[in-house]
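Below are structures written as structure tokens.
What follows is a pair of complexes built around chain A, which joins chain B in one and chain C in the other.
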Partner chain A sequence: MSKQINVALIGNPNTGKTSVFNALTGLNQKVGNYPGITVEKKEGICKLPRGVKAHIIDLPGTYSLNASSLDENVVIELLLNKNDKDFPDIAVVVSDVENLKRNLLLFTQIKDLEIPTLLVINMADRMSYKGISLDIDYLEEHLQTKIALISTRKNEGINNLKNLIANLKDLPIKPCLNASEIDQDYFDNLRKAFPNQLLYKLWLVITQDVNFGKTDRNEIGAVANFKTKSKADLKRLQQKETIKRYQFINNVLKKGQTIDISQAKDLRTKLDRILTHKVWGYTIFFVILLTIFQAIYDWSSIPMDFIDTVFASLSEWTKNMLPSGAFTNLLAEGIIPGLGGIVIFIPQIAFLFLFIAVLEESGYMSRVVFLMDRVMRRFGLSGKSVVPLISGTACAIPAIMATRNIESWKERLITILVTPFTTCSARLPVYLIIISLVIPEGRFLGLSYQALTLMLLYLIGFGTAVISAYILNKILKIKSKTFFVIEMPNYKLPMFKNVALTVIEKTKSFVFGAGKIILAISIVLWFLASYGPGEQFNNAETIVKAEYAPQNLNEEDLKQKIASHKLEHSFIGITGRAIEPAIRPLGYDWKIGIAIVSSFAAREVFVGTLATIYSVGSDDEATIKNRMAAEVNPILGGPLFTFASGISLLLFYAFAMQCMSTLAIVKRETNSWKWPVLQLVIMTAFAYIVALIAFQFLK
Partner chain B sequence: MNTIIQNILVFTALILAVMFIVKTYIWSPKKKKTKACGGDDNCGCH
Partner chain C sequence: MQDTLAHLKRGEKGIITDVSSIHIPLKLLEMGCLPGNAVQLVQLAPFQDPMYLNINGTHLAIRKETASHILIEKTTHE
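Coming up: the complex of A and B.
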């Protein structure tokens, strides 16, 4: 009768484990489920040399023995339970030659369970393309195992693998890592309390949510002479274990593996070589950014003009069709222009997210993160900080939440504090309307001045974030270490469905998220602009008629003067005039002041507020842009929105912390009011000073 | 009559708008106070 052995095929996802399974078992396989759960169980029979039969189980892909899903639990439960009928006589760990370092983490963990473990390095045919060479003897010696170098695609090395499995008795079972190294005292106590148990198995039982034969976690906790640690302490020890394992793996691979990128021949490597090049990488990234901003301007102008005209006509139509009165005025002068000020930016925001989604889907964004890590490190940030900084172009709130994967508290705090400098989509409406008013429409080398200005503002935001990070890194006295690990996905053509869903979801959240608050603020602002205290407001008509009687104005001009007088003496006018002395040195009038104050709720409210204020008392159907362009500076005469006041306003919005929600999220993420308050004071003061200098210098 | 209805609608809209702003930005349920992040704080970053 032939002998049968149990073979467990284990490995990270996408290592070609199932291909190895197919190569070993051929048609002798069956698929079922693990008892009680719907995790797929694949089993097969393989005939090995010397009449040995192997019962092969293809286990679900897992990155480590620290389980985080049902699939991964299956692997650990089998490896920890010697009484299971499928408990392996040999574990075959399948790895991918391109990701050997990451794959070896799982290998070292399984090895430490003292199960005979064989390492299969798959996709060997890719080695020459990737410029990889391996010293198999060295690796076998230092990993204490046998290695099968195979290529399932070319069906190479399978017979050698079968031989190695058949000779499982030759495999050393010495562990890679001495568990005591994780925490000497803790593991010494563990050993004393359970002298007959394997230390690393006990450790896994304590830290993983799995059963372990007759000894479960509660029993360990119940042993009087052994004191378990808190969850946080255990988590820290687990991290220490992972670091120790990677240190071991790095040392082995330093001599056992050579990667010479200059010898690599595949398309991905060729592209990577260019896209992450220290000169070409940045140049290409810069050109891509330039193209995006140019396209945002060129492609969006037609739909934007259309939306602007539609809202102006809708406002006019509402006024003509509904019975005259306060509510009709609220609709025509408050709500419709306020909402129009947001809807108009849908085309540009959709295009921005379209480009970001395409860059992410294609795999290019990961290269950007890698590329920027070189820069970021010099400024006290991690490569991982790039993700929040890039996400910040959409909104600072999810971007700040995305800092949670930065391990170092110092780097995380710095990233949280500087992320609001990146140009979020809420700044975009402000930038776009001001740029269209104060920057001429000419072109330079085929690129419009307006697109270049927009790009410059994005670069200023990013640059300020990085410089602030550098300063904070020097000031903050927090000690911490960090590691930057990023997996480069393969390049692929973006899937239309994914891109479309991202664009729709982001645009919808911008419009509806901002839309609700803008609607509410538009109503309040209209009320404050349409009502006021005292004689000057209530008798505006009489006062203006008496004042302009000698000039004999026509009815239209007189109406305009009355509306202007009422606005000036309305609640909003009084408030605006009260803050005017503080903002006049920046080149702003009280109407802009009101817009700045109201946009503290959300930056995009700025445009809606100006649209509402300029619409109150106005009967014509001029677009928002035309109304703003027609505004006259009350002190100097001439247009209010000049190059100097426009640049001052752009810079103010580039640096000011004009977002309540961001402050709330910073408070939540740092668990303290100290950081959001500092952020608010410093950013606003800096914005004020820069805007002041810009206006005084340019006027 | 038209003026009264229009004024009622305006003030209703105003009250709803103010309530929405207050609820969104000013009033929020009090959460359990914890110490600031940093060090071994279990803030999800270590």
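Coming up: the complex of A and C.
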């Protein structure tokens, strides 16, 4: 078998690079992280003609090789490090036919690295629509490359692209312009000092902060010290370089591309006029948010009820079919309810990611950023903070990573600190189950009370985030330059394939990532709840029988009493009752206390924990919800989940910083323990106080 | 006084004449914000800020503060 070739997909954001990746790899892709950093690494396998296999990496989108973020650094580090196992045999630069001029800047830089480079011009289907025509032969000759004109939307040109990749030996590796002309003397000296190195590579090492692998560092180390120019001079030179490259590109495109403006139809202007309008813009944004919450709550309840029932009967079935014993109990009371607690949330998480993917893909998200920047700035945030705050409704971790493109450090830090207030999908399970227990059914203006409560909780989340940002902005004394640049991409109909792949990918990572934790915790909890130390636990049957002997209870009731006595004296019961005094003022019993503590691993564990605790010792076929509804308050009598304790619990979850992974990511992104620790302490204390007030006031 | 980008009104066009490099991030230059390129103000956000521009065919938004460091010559006159 022939050797696998490494292909790196490189391109500006919004060029449809990921569509190209999806078209080449289909479902043969996986998403991981670059070692040591949290930049997403997407790779996949593609079969090329003549049995050649290609390993394809989708590099983070970048406007140039002058990195200004961690994500962009990844691109340079890979392209400069020949020893990296992923070092590309061929660089495929993806461009968008409508933004060719700007896209070619990155292309000319990559050509200077003398890697075989192929130019993909995507969105060819829009050419006639925009009145664009291209002279491909002319462009290929002057850009020193082969061009694949494709349309991922119409699925055209993909085979040709695969062919061109397979024939990478035909690609010229010469640079297409001589950038060193901008300061001939300086570059001549540089070349003399390091005759064995590529000139452009040297230039990048001098101007960028690049991390190299060990072997390369020794050779390159000396270059970084080759400083015959000041920082300001270097920046001026970089500017000259950019101008030089654009001059070249303009000249090539003058002959290679013609745009007949009279042919162009402009949907963008019309849509922009409405979507960024001072009244309609905000109204539409609000309606979109409302639709999302209605979908998450109302539309997904049918599959969820179905899943809940299926797992309850599966548990029952296992108990009846397998011989009784510790293993069967573990399966029926620990593992199956635990798994159920994961699977049940798939419909909602899928819906949430579906909406986020559509908003991103369509280009609408940039308009929201544009619309919100001035408003957000008043609170010390940036328009770009809207994206983390919205994607924080999925998960705080990618949301905090999405703050990287905020140029000002102060705005970025504040965004990081307040993002965990937004309602992430992990809080959703907790909200949903409690809302369905304590909020009455019924409708108001066609929206259910329960959906409105959920909407309100999201608004509380956003509101708290914004208010804390305002306070932080006043307190934090950080001076940093405030830059703000955002591309306003064309409106595009989201591609089904891209959206579907995102939804599948994110849902999968929820099920397997969070799922693993939930399952592990469920099993541990089952053990802790099924075993206990001492007399009280081991002789529960005798003790309970003796205690209730005068009352002459029937078989069923007695069994119930024994089970709850056992639970109370199990390991988990003892721990739970130890912390009970702290949470009783909030209206919770020790079981909820355990659930709160274990949900520190991941919030959604709350439901799974209660499911496990309640199912131990009970053998009727009940859903999680029914079991929770049946719980009795040990002191006051009556149901445990009342309006007061329910609201108190909802508010606690709305404000508490309750996720280890988020703390870890905040530590990594701020590079200090100070911020995550402050977040943990302040948010949890605030949550406790609010929940306390709510319960005492409502009870 | 020379006009800057911040002086453009909606729909107006101009040519960039100079860019104050200390105040402008390299990224903005790379997106086409360079002397000689044509620029048009497409849209102003509510509260007149940020500005949605078409520079050299690239659509992008920047804040007014940044725009005031980019000198232009208006090509449309009322």
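Definition applied: the second predicted complex is superposed on the first by the 432 of 699 C-alpha atoms of A that agree within 3 Å, B and C clash if a C-alpha of one lies under 4 Å from a C-alpha of the other, contacts with A are read in each partner's own complex, and residues count from 1 in each chain.
By our rule, a residue touches a chain if its C-beta (ideal position, glycine included) is under 8 Å from a C-beta of that chain, and two chains touch if they have at least 3 such contacts.
Predicted model only: the values in this text are computed from it and were never measured.
Novice: Quick check on the superposed pair: does A:K101 touch chain B, chain C, both, or neither? Answer first, second, both or neither.
Specialist: The second partner, chain C, only.
Novice: Kindly classify A:I478 by the partners it touches after superposition: chain B alone (first), chain C alone (second), both, or neither?
Specialist: After superposition on chain A, A:I478 lies in contact with chain B alone.
Novice: Return first, second, both or neither, reflecting whether A:I517 touches chain B, chain C, both chains, or no partner chain.
Specialist: first
Novice: If we overlay the two complexes on their shared chain A, which of chain B and chain C does A:F306 touch? Say first, second, both or neither.
Specialist: Neither partner.
Novice: Can A:Y246 be said to touch chain B (first), chain C (second), both, or neither?
Specialist: A:Y246 contacts chain C only, not chain B.
Novice: Of the two partner chains, chain B (first) and chain C (second), which one does A:I406 touch, if any: first, second, both, or neither?
Specialist: First partner only, chain B.
Novice: Counting residues of chain A in contact, which comes out ahead: chain B or chain C?
Specialist: If we count touched residues of chain A for both partners, the winner is C.
Novice: Look at A:N671 in the shared chain and tell me whether it touches chain B only, chain C only, both, or neither; answer first, second, both or neither.
Specialist: First partner only, chain B.
Novice: Pick one for A:G281: touches chain B only (first), chain C only (second), both, or neither.
Specialist: Touch partner of A:G281: chain C, not chain B.
Novice: Just checking: does A:R236 make contact with chain B only, chain C only, both, or neither of them? Give me first, second, both or neither.
Specialist: In the superposition, A:R236 contacts both chain B and chain C.
Novice: Name the residues of chain A shared by its contacts with chain B and its contacts with chain C.
Specialist: Dual-contact residues (chain A): 236, 407.
Novice: Name, in rising order, each residue of chain A that touches chain B in their complex.
Specialist: Residue positions touching the partner: 232, 236, 323, 325-328, 330, 403-404, 406-407, 409, 412-413, 478, 516-517, 519-521, 523-524, 527, 601, 660, 669-672, 674.
Novice: Would you mind writing out the residues of chain B in touch with chain A in their complex?
Specialist: Result: residues 2-3, 5-7, 9-10, 13-14, 16-18, 20-21, 24-25, 34-46 of chain B touch chain A.
Novice: If you look only at chain C, which of its residues touch chain A in the complex?
Specialist: Chain C residues touching chain A: 21, 25-32, 34-35, 42-43, 45-50, 52, 56-63, 65-66.
Novice: Provide the residue numbers of chain A that touch chain C in the complex, in ascending order.
Specialist: Listed in rising order, the residues are 63-64, 66, 68, 98-99, 101-102, 105, 235-236, 238-239, 242-243, 246, 268-269, 272-273, 276, 278, 281-282, 366, 369-371, 373-375, 383, 407, 482-490.
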